[in-house]
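Below you'll find the structure I mean.
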Amino acid sequence: MIGEQEQSSTDVREEVFVVVIVMVTGATDADVERVVKELEQRGYGAHVSKGVEKTIIGAIGIKDPAEKERIAAQLQSLPIVERVVPIMRPFKLVSREWQPETTVIDVGTCKIGSRQVCVMAGPCSVESREQIIETAKAVKAAGATVLRGGAFKPRTSPYDFQGLGEEALKYLKEATEVTGLPVITEVMDVRDVELVAEHAAIFQIGTRNMQNYNLLREVGRTRTPVFLKRGMSATIEEWLKAAEYIMSEGNHQVMLCERGIRTFETAYRNSLDLNAVPTVKKLTHLPILVDPSQGTGWRDMVLPMSLAAIAAGADGLEIEVHPHPERALSDAQQQITPAEFEKLMNALRPLVEAVGRTL
Amino acid sequence: MIGEQEQSSTDVREEVFVVVIVMVTGATDADVERVVKELEQRGYGAHVSKGVEKTIIGAIGIKDPAEKERIAAQLQSLPIVERVVPIMRPFKLVSREWQPETTVIDVGTCKIGSRQVCVMAGPCSVESREQIIETAKAVKAAGATVLRGGAFKPRTSPYDFQGLGEEALKYLKEATEVTGLPVITEVMDVRDVELVAEHAAIFQIGTRNMQNYNLLREVGRTRTPVFLKRGMSATIEEWLKAAEYIMSEGNHQVMLCERGIRTFETAYRNSLDLNAVPTVKKLTHLPILVDPSQGTGWRDMVLPMSLAAIAAGADGLEIEVHPHPERALSDAQQQITPAEFEKLMNALRPLVEAVGRTL
Amino acid sequence: MIGEQEQSSTDVREEVFVVVIVMVTGATDADVERVVKELEQRGYGAHVSKGVEKTIIGAIGIKDPAEKERIAAQLQSLPIVERVVPIMRPFKLVSREWQPETTVIDVGTCKIGSRQVCVMAGPCSVESREQIIETAKAVKAAGATVLRGGAFKPRTSPYDFQGLGEEALKYLKEATEVTGLPVITEVMDVRDVELVAEHAAIFQIGTRNMQNYNLLREVGRTRTPVFLKRGMSATIEEWLKAAEYIMSEGNHQVMLCERGIRTFETAYRNSLDLNAVPTVKKLTHLPILVDPSQGTGWRDMVLPMSLAAIAAGADGLEIEVHPHPERALSDAQQQITPAEFEKLMNALRPLVEAVGRTL
Amino acid sequence: MIGEQEQSSTDVREEVFVVVIVMVTGATDADVERVVKELEQRGYGAHVSKGVEKTIIGAIGIKDPAEKERIAAQLQSLPIVERVVPIMRPFKLVSREWQPETTVIDVGTCKIGSRQVCVMAGPCSVESREQIIETAKAVKAAGATVLRGGAFKPRTSPYDFQGLGEEALKYLKEATEVTGLPVITEVMDVRDVELVAEHAAIFQIGTRNMQNYNLLREVGRTRTPVFLKRGMSATIEEWLKAAEYIMSEGNHQVMLCERGIRTFETAYRNSLDLNAVPTVKKLTHLPILVDPSQGTGWRDMVLPMSLAAIAAGADGLEIEVHPHPERALSDAQQQITPAEFEKLMNALRPLVEAVGRTL
């Protein structure tokens, strides 16, 4: 597999994909012939399999994942076709078949994706120089190894606090100088990629931008690690395809972050989907972290869901910590205090050990 | 609170509930007067609060939770009312305000709801005498303390295996005699309640029957513990109201079981919602267990999600174990083998200890 | 097709179903052989198709829809199998392939499923003799052809109004005598089937009981038409399988009713899913109606969504009408007044004509 | 209202908002006093209302919608507060209270938002000069009044066809010159806004970019009409807030487009949510259109759902038409042929008339 990876790294389109076409009940030989011709005109072989009721056609030799999905859609538009089933998963560089061993990303003292559990903590938004430096010191003391803080904030309403922007980036850099903690912060505009890269160790792509493909491409052209949050209603497949966008531009330093999905339940602001953890670990070699703050939206759920995330196999956590949540300019209801964060870290230690990992 | 419970146990309708009515922008004094009169005619006081743009009316003295919701709906039907917000939670006997200490239910050697984590295991369906007795011995050896096994199966299609019925109940009773493990099994018909009670230690109410209110009432009239699975698209509030149905008939031995909800994600067959665990523990005194087999639908997710469930605070697990999953008559893809179950129990032990509990 | 129906009506298990098994990448010849043997041991033929990367096995000769799904699940539990795709739809009697022409159900002056659009109207709950008779007269005058009214009410909370029960059934019968309108009313307990059949022309199975299979079986043993509401989170496939339960017991007088599904959106109480209308019409020969009252939960959405339902191709409507919604004992916020119902019928007439149907 | 709009158009933050704070059961006078002080420190009045069980505090004088939500979140973080209910809707310029009459947007011969129903049609992607000009002629002949065609395509996979980009824009401009049809096309990058504005009459913001706030701001700074598609899992409230972003920058030419939401149902590729139509019309003065092609994902649902959309009150349709769907480079399964489009327009005519509108 690795050998294959080396050979074909310049062309990700060499794999052979398979599409299975199920004809409608009552399809005639002429109908079958029509589909076979449609395949042959596109340069593929057809393998016809007649059952008593149904005829099934396997397409062989499709070399390009884009073509596989396009042909599936095209053939689906024929009334003589009941169903087209694409067989292969539609991503490549991100898949564990492509690279069996888990990717490990070095950031500061963290080896994300290794046995070490990485805890990133800090306020939702950088609100002032004092606030971010005070928080950075507190979370470092409690055991965090990366500092989070929002400079550019994608807020649902235009009248909400939008972040301090470039000013916040400077405060974050100063916090790194004071504490040694590398910084993760969100980039939400293609025009800010260069600027953010100068101040931060990790790009965060937020849930609302998971499918902002031009932004994914831009961070894919850098060599700064990318922390890709799951879209709040993205399937695992769409999420991995978004990671594939970044990797297909050459940046292989991608980590994933589950941050809650949208369901019918209103008792929590988001439904943290820990099922994603073992599923992602099976499908991809990229590290997977969990954000229980946004993921639930309520501060008193952060501790139990942090423990659960690590027990499920997550490689790390991203937690919102604010010195004074009752005065926070954004997401006040889900930020915990430094004292609560310390308590969380204390609860985490025996659990991390019980699952054979380190902090 | 407990004193109050004793005084009012014969009448659950004495509480005072509050509804807040927000008038539409531009509502006149006459409009406000109309709503006040509607309240007074129903025997309640009204507390009018005029803001610059909006007038808000608080209804005082509503004694009956049914009336609170009914009045909210009635007033909502008036065009001069913008929104009616019921303030109190709509359940009573199940709420932690009503009974602060967690209910502990004794079944065999389990004290469900205590520090002890209870593991229930066994096949999805009882398929033969040999199969259930073999499985009972295996799960007991690995550390399970309750035996599960389906006799009556609510299957999506009428042509699926529907369970062995009364015959299965006899095999289950025999398995109890052989192993000492008490049995949990599903009841799905009001006419079977008595029969099942003779053979099982715990009634399971399945996800499809969570809102089969007449069935809830019937098991509420017994004194057999009830294991109430969450409806696959039930909110926490609806689930607790379903538990209230059982308790309102006098049976207070109710435990809850999260078993996966329906979301947009198709990578798993159900989305196990561990957010429910801390949420339920906050709202109610009833024990909460987790079923990671149905909850995910895939056997390789059972182990990590079992660990995550206990880390999140669950009081126990219900796990599907089958000696030969590749030959199982139902839900083959989510059942694990006795060997896998033993591995799971071994992984569980250090974790249970790390969170301060016992097995 | 019809001939085939006659021949095989005593055994619905004679069809040939197909399952496609996709092996994992790297599966060996021995792995393929193992799956072929598993199929042969169960009595089926195997058709192996080797691609460059993937081997696919088609199973031939599966005669029983139950077995098809069971075998899919069993083989899925093998680690050498990546994916199992069942090809045939899992229902039979309900499918349009089985019976191409739409079923027409005669109730009073309605021919449900014909060009005629059938409008059923009346209160959510029967609250008194006067209320139901007054409403029956009003909805008849406006053009309704069936009277709805709840006697047994499945309410989310045990403290809500539960319906007048048998007393309500008598009032409904009296309303039929006065107005000539046949009655539709919900049955929610297997023990009430006989009683309800004596008073009503149509059994309504409510959304919470769509998967109460024993109840479906009981109404399937009668010859009274059944109005099967979609479960609030049921897929189309589950809904049709529920209809198959009724039909498999011999009662072919089944009509379906879309009544709103559960989504993330909270602006409406339910999300009426009109996509179900053309989809159901394609898959099944059973008539499909729409309930815009429950389906949205807000009275001011009833008129536009009624028009939309008929434009989408629905065979009828079920609408909640109450003489005094602001005093209704259940679902006050979604019931419309007789005057509003008359307005709705007036808006409906030109639209019904525009789509080539009659009222 | 309009007068007020003129007065305050430079500052949208003058409104008075109300937040209702419900204290936990058992809150003391000191607790209530603490919340009152928190409000007063932020410059607002407090209106305390004591019930028998619950104390409720109304906050008066909050002038800024951002502050209202922020304060709600901040107070929610206090353990003595059970629930904070923001009363006012969180948008302003888009609301029908702000501007009672529906906005009418002139594009070519269309007056979008008037009695006239506007039909936009064309291929998902512009694939060649011939394809777009052939399609433009065909849809014009059938009655379309705006031409759609994608130049920049946000595709889920990086290996999918990404659109012809600037080349496509030139072909679209040529199609306008040939047919007179104004063009709608998607803009997905802030850097392309100027370029697209030179070639198109309407900016389309796609579902994946509904919350790409910097892009919304950029199109908000132009005076080109904007067609804002609903995010596939966006609530109505989030969608209107996204429209508010555009309007708050000065561009009031915004129309909304429902295009299907994500639900648990897999029978359709998206669930077209027609409930949005009457709901949006009630809340906002902006026109609302419907895209039944993306909204369902299947070509045979396009006709019935188009009719249903207009019956529900939509101001127009956007329909994907391709001369050869079985060869389309994107979304082949949902594109209809020119002949099918003509049939759709013929079915639409009597229906449009029946609901009192024109084509």
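Letters are used for the chains, namely A, B, C and D, taken in the order the chains are written, and counting of residues starts over at 1 for each.
Just so it is clear, a contact is a pair of C-beta atoms (placed from the backbone, for glycine too) under 8 Å apart; a residue touches a chain by one contact, two chains touch by 3 or more.
None of these values were measured; they are calculated from a predicted model.
**Q** Looking at chain pairs A-C and A-B, which one is connected by more C-beta pairs in contact?
**A** A-B
**Q** When subunit C meets its copy subunit D, do both sides use mostly the same residue numbers (more than half shared) or mostly different ones?
**A** Shared-number fraction above one half, so same.
**Q** Taking each chain's centre as the mean position of its Cα atoms, how many Å separate subunit A from subunit C?
**A** 39
**Q** Roughly how many whole angstrom separate the Cα centroids of subunit A and subunit B?
**A** Centres of subunit A and subunit B (C-alpha means) sit 32 Å apart.
**Q** By the touch rule stated above, which residues of subunit B touch at least two different other chains?
**A** 233, 262-264, 266
**Q** Applying the document's contact rule, which stretches of subunit C touch subunit B when the two form their complex?
**A** Touching subunit B: residues 12-13, 38, 64-66, 69-70, 73-78, 90-91, 154-161, 188-191, 208-209, 211-214, 217, 232-233, 238, 241, 244-245, 248, 262, 299, 325-333, 335 of subunit C.
**Q** Mind listing the subunit A positions that touch subunit B in their complex?
**A** 233, 235-237, 261, 263-268, 271-275, 277-279, 282, 296, 300-301, 304-305, 307-313, 350-351, 353-355
**Q** Once bound in the complex, which stretches of subunit A touch subunit C?
**A** It is residues 15-18, 20, 22, 25, 47, 49, 51-54, 56, 58, 60-61, 83, 85, 87-88, 97, 233, 262-264, 266 of subunit A that touch subunit C.
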